[in-house]
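Given below, in the form of structure tokens, are the structures.
Here subunit A shows up in two complexes: once beside subunit B, once beside subunit C.
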Partner chain A sequence: MRKTAIILAVLWAAALAVQPAAAKDPDTLVVVQEAEPVGLDIMQSSIQTTMSVGYNLHDTILKPQEDATVKPGLVEKWEKLNDLTWKFTLVKGATFHNGEPIDAAAVKFSFERLMGDALKSPHRGKLNLFKGVEVIDERTFTMSTSEPYAPGLYMLAQYLFIVPPKYVQQVGDAEYNLKPVGCGPYRLERWVKGQEVVMTAYEKYYGPKPAYKRLIFRGVPEEASRIAALLTGEADVVSGIPMHQRPKILASGKAYLTDQMGSMNYLGLNTYEKPFNDVRVRQAVNHGVNRELINQALFQGKAILCRGPISPRTFGADPTLKPYPYDPEKAKKLLAEAGYPNGFEARLAYGTYMPQIQEQAEAIAADLGKIGIRVKLEPYERAVMWERYKNRQHQMFIYFWDDAPEPDRYMYSLFHSKSRDYYYKNETVDRLLEKGRTTLDPAERAKVYHQIDRFLYEDAPWVYLYVIPEVYAVSNAVEYKGLRDGYLIMSTARPRK
Partner chain B sequence: MLEGAESLRLWGETLRALGRSPGAVIGGGLLLAILATSLLFPWFTAADPLAQDLLARLTPPCWQEGGSLAHPLGTDNLGRDVLVRILHGSRVSLFVGFAAVLVACGSGILLGLLSGYYGGRLDSLIMRVADVFMAYPFMLLTISVIAVLGNSILNLILVLGLSDWVTYARTVRGSVLSIKEKEFVTAARSVGTPNRVILRRHIFPNVLSPVLVLGTVRVANIIIWESGLSFLGMGVPPPMPTWGRMLAEGRVYITDAWWLVTLPGLAIMLTILAINLLGDGLRDALDPRLRNIPR
Partner chain C sequence: MARYILKRLWHTVYVAVGISLISFFFIHLSGDPVLLMLPPDASKEEVETLREQLGFNDPLAVQYLRFAGHALRGDLGVSLVHRVPALDLIFERLPASLELAGAAMLFALAVAVPLGILAAVRRGSLLDLGSMLAALFGLSMPHFWLGIMLVLLFSVHLGWFPTSGRGSFAQLVLPALALGLSLLAMFARLTRSVMLEVLGQDYVRTARAKGLRERLVIGKHALKNALIPLVTVAGMQFGFLIGGTVIIETVFAWPGVGRLVVQAIFSRDYPLVQAAVLVLAVLFVLINLLVDLLYVLLDPQISYGGGS
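Moving on to the complex of A and B:
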């Protein structure tokens, strides 16, 4: 008897496991990313896959655009009172998913929560020039900065998420991370950890209603499985598509590709210690990596070679610069001048989680071997890589940033000594970066960033590599345009007619 | 106690018994061929397993369209020759496999002898430590140790070897417990032979045969673990080619370039098969009950 019960239970479990995916509901949109979210409170994480989920539940006060401008969101109009202060007016009648009204007090609460020590939000550094929110009346408030801040509105549009004060205070930060109540186009239905996040369209959303009633996010680490899910119709939108799979997806006739944030890869050098404390050595390394060949071989020529530290797709990149030409002879000469005629040994660290990273690292190491730099590869897991990075334990390291359209978003974070002085520090760069973020006239501002770009190009604290344009693959049944500087905003997806 | 001619005679019999088992002959022959290839291939090719030719990446094997004899088994994602990498990888895999077994065998035999012969508190201590090792998931242990120490060939051998000593120690201890009660041991003790001499000359040779069988089987396991660790990026440091890493790196291209995973996988499979066949034959040959010869 008991045996039969066990056999039945096993059969039942097996049947569940092989059950075919239920026929897809046309009102449901399924998004498959590389990982499931680590939490649902968008203020608590800066991981891209997590934020892409959070952006559908939460709204910021403005909508960031690809050209680093902003459009109205929860704030319907705004005016600049002076170089330091903006006045904002919220839309009428907007509510959180639990019915709490979205008013100026909620904005103030949200800003203070984001900047507060209790939450330790990874986003607070991005808004730290803002002094605070002054509530004028229910729908109006002002925000001012401690000094003129050119990308201010854009940064608010990217990072000032609005959360419901009463609910947050009632449940606390940890619980909110599991069951958030946002004001975005979708509300949370359930999060089954390890499986899926299910959302439904919020009926009382203040903006345009999403076309799909239901939105599901899943995390699938295996790229082959993600692509299979797309091609069999189980998924509508899939992220993390390596270059070599793209032609196959297009050839299937079932899906197309759209923009995702680019991945700007760079090879950092520890300029505080020998041998990279010598600018000639750093330039030699820049001449010694055959980026064009790597681009052709590994990225089918689709990557964009970097000139200086500012991506060619970002505002302020100096258009007169040319990428360092591949010139091993010149590299050897520079090394000899710097006192290393026979080259030297060096360590190259990289995070194993980065896509196609092992082959990039090995190709770069082989190139450097040709100019006499004997490279020892050091693959690290994500957390170890980061710890060692912060503790200045790397000698050479490959890291990446998305090439945002707004230069301050990554240039200040990566090069200003008040932000990171782990491997490089330069007073001229600090001064120019401060000037760049406080210069309000765009033409003047561009000139400042050109200067920074050129200065760092010559001082070469990095080996400038390339920007890999990442893509989402989208089913032909769905109309969706991905953002080059943003997350998965699925309320803009429509069924294709 | 086995001395001189007698010992030789027994080894000869073992070999003859091995020769009667077709599995052992095939396995032994295959293993010999693999060992010979991995030792002697530099006489035939001087190609560098790390030499990249990025523009010739993912060239298929020579019998397939687009392949060329310059790269008989094709090239990998960085245009490196797959055949040369498999050959060089064989050295790493076999070396790590045998060296780790030596480490495990050495420490296991020593601890097993001490534990079994002296008994008492020392025995309890060693066996409790062994229990702790056995209770700990092997893969987890090696991964955490490698994560702390960093990956190098030496670390890998030590970690794989030292986490595998328990099996040997327990086997040896079991044999010692029965052998130390035998008359020849008692006789040796009664004439005042020191303990270390008894252990070395009288007991040690008699526990060797089970250890030999065990060691053969464990080599196969260790090679698989090395591949697994390299697959996870915790094995031999890159860019040195190993079969496990070749699998891991080729996995991404499995739909475009089958040869990147299939061929190193085949190499692992053949080696393990050879070792296991030989191990099985050896076990039968060393077991007097199965050998069917009068003693």
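Moving on to the complex of A and C:
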């Protein structure tokens, strides 16, 4: 009898324990990413999943737009005083989450904190053309650059995060990384490490109020588990959805997909050494890769084929260029002209952490085999790939960049010899890239980038591959449009009617 | 006995020094964290400045001595990625690891021991054959697949348990089950084979000859002797589980030490890897010591007193 009672009690306790979590609060939005943040101070990390959390807690002075322009943020108006200086006016009455006022002194403090040695911020290189912040009065300040800098406002919009001077000085950088006080649409409620970051809408936010009162970010590394969370209703928005899972999500009838940033994959060539020091060989490789077939086979035709180095969706891409057509005969002819009638052997390196990379590398190797280039695949783990890249040890390599709206963001980084001259260096390109970042008139500037795009198309230091659109999966109960810069800024999400 | 324990604890120091040396040099050979800490568009100057600030330009031996000096004072460095003391991060995650390993272990032992005994006692029966086949199946199933299947069945289709995360008892069930099933299989097979061996011993025959009830013969005389190998294996497994459940932690987003270390390795977070390896190694040694001490309780013939 006693035994039966114990068994019953245990069963009852177990039944209680397995009650599924209570129905989700309709005022709460749950976002599940691939990883939890490594810290909450957005100035201290450049990891995408960490910054997505940080962007909901913090604000910048302007709002970056998809076409590389900016809109008002904490700054309500601005004017260009001359080619080097902008004057900004802050909105009235905006406060940090602890009530500290947001004034010009706070902007100055934030800029100096970001650029200072103490913080070792990974973002400081992005604003290093700015000389500093001059406070005019409580709401007005100026910022100057050392040379005319066309992407300046966009870079400020993306990276000049405003933090409260008093609080930061009081708690220090390490504590701020755990308990930040920002001025974004959401304020931190708690961060249960390893579990979730919980935020509540900041009732005194100066901008449009978010529709959801509470926002929760969780990190779930396994893609199948993230999708399971979406299907059970535990998550509303999920990032990191691989291509092959997309039809399953749509078929469930519970969620839809929305675009975010795309990753622009390219095949880099070491132009300093044989055989890729010959432009005919580089063009041959461009003709020898059947990108459309890869697109159909691996990406269900959803990838966008690249023409030149500037992503087709980015300001400055030359619209008159056509992607290199797949033409193995022409490729073989070019190789023969360059002195390689029987082809050659080449190494192709790629990082194993990139999605669907093995299939892409194999397809490229097979295509190149058809024109006589016998490819040896070299898969590397992320850190090793990067180190070998910087040490100029790759011969051919697949890498990627996000197709950011602002061309200077990646064109300067990847092609200017002052930034990287690991595998390619060209004085014309250097000169044009400098002109591109210092030409302030947008129409004139576009022409400069068209020139760059065409020049590099012909000089072919890369094989231009494709932009693979990444997506978020969003519950049918939520209205949310992904942003092209790839950050999950959730104040724009609304319940679906 | 006390002398024995002290001696064993002293050995832990050797292990810690050896492990820290090996892990220090290997992780430093494997790649530069500075390149990974900065965004891809960082300039060469930025990379160089940061490397200098972090002291990575010094010779490796100097860096190791600096690390060892700090470690002696209980400071294992600050994580390069998380920017908080590495030891804090590990101790934040350790309870989750212990909880999962403990739950999986409890579940596995609670089912496996009776199952193994039954299989041994009814050797050759359908029950024996069935349970051992099931155990083989449990051992062969990859954790990864099993975890996802459990999520699909119990979370997506039946809606009984949350898909992932930690915090409630319901969230512990699936990962513990996924992890425990393979342990269960191993323990059940082990219990059966040890029991079979013990049941053939003279003292069991004597016990039976004395007319003791079968339940007492098995429960007291046979099982107690069979427990020693089981305790050894369970202890070792528990040590492995604390840092080695990365796959289960990944599938269920369980915030354990294993995943923390793997992420740290991929991002070349030297201080964190170093600290974690050290903590896990020491824990492993301590668990083994505990297992050795348990032997004394189980078998009075074993003693560590040094006397005859």
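Keep this in mind: the second predicted complex is superposed on the first by the 475 of 497 C-alpha atoms of A that agree within 3 Å, B and C clash if a C-alpha of one lies under 4 Å from a C-alpha of the other, contacts with A are read in each partner's own complex, and residues count from 1 in each chain.
Throughout what follows, a residue touches a chain if its C-beta (ideal position, glycine included) is under 8 Å from a C-beta of that chain, and two chains touch if they have at least 3 such contacts.
The model shown is predicted, which means the values in this text are computed figures rather than measured ones.
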Combined model on subunit A where subunit B meets subunit C, clash or fit: fit
Which superposed partner A:Asp117 touches (first subunit B, second subunit C, both, neither): second
First, second, both or neither for A:Leu293, with subunit B first and subunit C second: first
Contact breadth on subunit A, by residue count: subunit C or subunit B: C
Contacts of A:His244 with subunit B and subunit C, given as first, second, both or neither: first
Which of subunit B and subunit C A:Ala68 touches, first, second, both or neither: neither
Touched partner set for A:Gly39, first subunit B, second subunit C, both or neither: second
Touching partner for A:Met143 - first (subunit B), second (subunit C), both, neither: neither
Which of subunit B and subunit C A:Lys390 touches, first, second, both or neither: second
Touching partner for A:Ser225 - first (subunit B), second (subunit C), both, neither: second
Nearest Cα pair across subunit B and subunit C, whole Å: 6
Common interface positions of subunit A, toward subunit B and toward subunit C: 224, 381, 384
Sites on subunit A touched by subunit C in the complex: 17-21, 35-36, 38-39, 44-47, 117, 120, 122-126, 173-174, 177-178, 192-196, 218-222, 224-225, 228-229, 231-232, 234, 353, 381-384, 386-387, 390, 401, 409-410, 412-413, 418-419
Contacting residues of subunit B [partner subunit A, same complex]: 50, 52, 54-55, 57, 77-79, 147, 233, 237-239, 249, 252-256
Residues of subunit C defined as touching subunit A within the complex: 30-33, 35-43, 46, 50, 53, 81-84, 92-93, 96, 148, 151-152, 155-156, 159-170, 173, 250-253, 255, 259, 263, 266-268
Residue ranges of subunit A touching subunit B (in the complex, touch as defined): 223-224, 242, 244-245, 248, 293-294, 296-298, 352, 356, 358-359, 361-363, 365-366, 376-379, 381, 384
